[in-house]
């Protein structure tokens, strides 16, 4: 890993290298502590170990989507329409979608161990799944053909519409479940009696995942800039070539 | 983009013109009546094959009506915007400096009329095929539900249709974007319709809470759509 | 001890996804980096 970091200086700086090294250290500690050092939980048993990766990735996923929404709003509001906002929104959404997928997978593995089922039609789970699908759609909109400005405008509007959509989805699912059964939502997080080491591991998980998030978003948005510039240069070169062709004839 | 107020066409006129244009295209081409309606009817029959149980069908009839409506919504929206982008009609409206939120409402009203026609046929189909009963009080609830749910569907359908118009791969992108957004409509309209049908012993009075959700949805996306539609079409 | 598979599985999925995303990003950056001018790389 460190070799890869050293050799590819395309989007790396001293700051990203420090963040990356810290992230690897903290993540290594989380894995060792989460899998080996921490005791099993009184209620959940060994399955509580999944929480040390599940909770931080859920936290990062939600954070990423908030960042995307804020960056999209900033792009729409700002007079300059700085493309930096757009690239940050896109990079944050991509990383967020990945962490949301991790959240859903680790969550359903945990659910199978604790509830005996992979999935519960609980409002929080359902809203999370809808958030995931909505941002998969957002990323698809970003891949539509068109100029960089078109991409920015379309995706910013879609991100704003997602902000309208998600509360409506959440509210309707809450209403739907509350009519079916008296909100018997299994709330296992509340049952857990965590000792100091368990809490510290969970906290380190949040810190480690945040560092990973920062590292990934920094590299991803710089990569996006590189690809945008490379595409524009490719287009300019093609136009210049056609012009030369035209002047010869 | 701003034109002189003296040369500017009034909003109401634009809404009516766009609405009449879309309805006229439908009256001439008869795509909804000759293709989408038979498709939706076929979906209803296919549900009966798949579920293969009279009691179950009666119980879930409300949901099936709205699912068939959603499937048809994708087709109608795609068709409506395919015509507009093929002739560059949207571009010329934009270049002419016409208020795009008026275009949004015109298209949404036309879409709502088509959807309501479709839903009436589907609900009659449910009464005939799935043997559901509608009482007089249930009918009032059902009509309100159809109007509120359809307004919401028409607003989001027009909005996301405008977004994907002219883009490659829109046939697959539109359902991906639209389905999560219309999930609240599916939930609320299904519950309200079940209450109107009395499926599973549901009382008519239980349905009215869901109408509120449908109305909020329609209002949010009516306002959001009229603000956002312009910038989605705009280059 | 069927729990072990689920627990290790969730750690492998998490770390594997992060690693794959990181490698893919770095690789894409490298591919388009050569054709881009140094002055466009605002972070350097």
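Letters are used for the chains, namely A, B and C, taken in the order the chains are written, and counting of residues starts over at 1 for each.
The criterion applied here is as follows: a residue touches a chain if its C-beta (ideal position, glycine included) is under 8 Å from a C-beta of that chain, and two chains touch if they have at least 3 such contacts.
Every value quoted in this text rests on a predicted model; they were computed, and no experiment measured them.
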What is the identifier of the chain with the smallest separation between its Cα mean and the overall Cα mean? A
Two chains sharing the most C-beta contacts: A-C
Chain A to chain C: how many Å between their CA centres? 13
Euclidean distance of C-alpha centroids - chain A vs chain B, Å: 32
From the C-alpha centre of chain B to that of chain C, how far is it in Å? 41
Give every residue of chain A touching chain B within the complex, in rising order. 76, 130, 133-134, 136-137, 140-141, 144-146, 150, 153-154, 157-158, 160-161, 164-165, 168-169, 171-173, 175-176, 179
Over in the complex, which chain B residues touch chain A? Could you list them? 159, 163-164, 167-169, 173, 176-177, 179-181, 183-184, 187-188, 191, 206, 209-210, 213, 216-217, 220-221, 224, 228, 231-232, 234-235
Touching residues of chain A toward chain C in the complex: what are they? 1, 4, 8, 10-11, 13, 27, 31, 34-35, 45-47, 49-50, 53-54, 57, 94-95, 98, 101-102, 105-106, 109-110, 112-113, 212, 215-216, 219-220, 222-223, 225-227, 229-230, 233-234
Chain A partner, complex, touching residues on chain C are 3-4, 6-11, 13-15, 17-19, 21-23, 25-30, 32-33, 35-37, 40-44
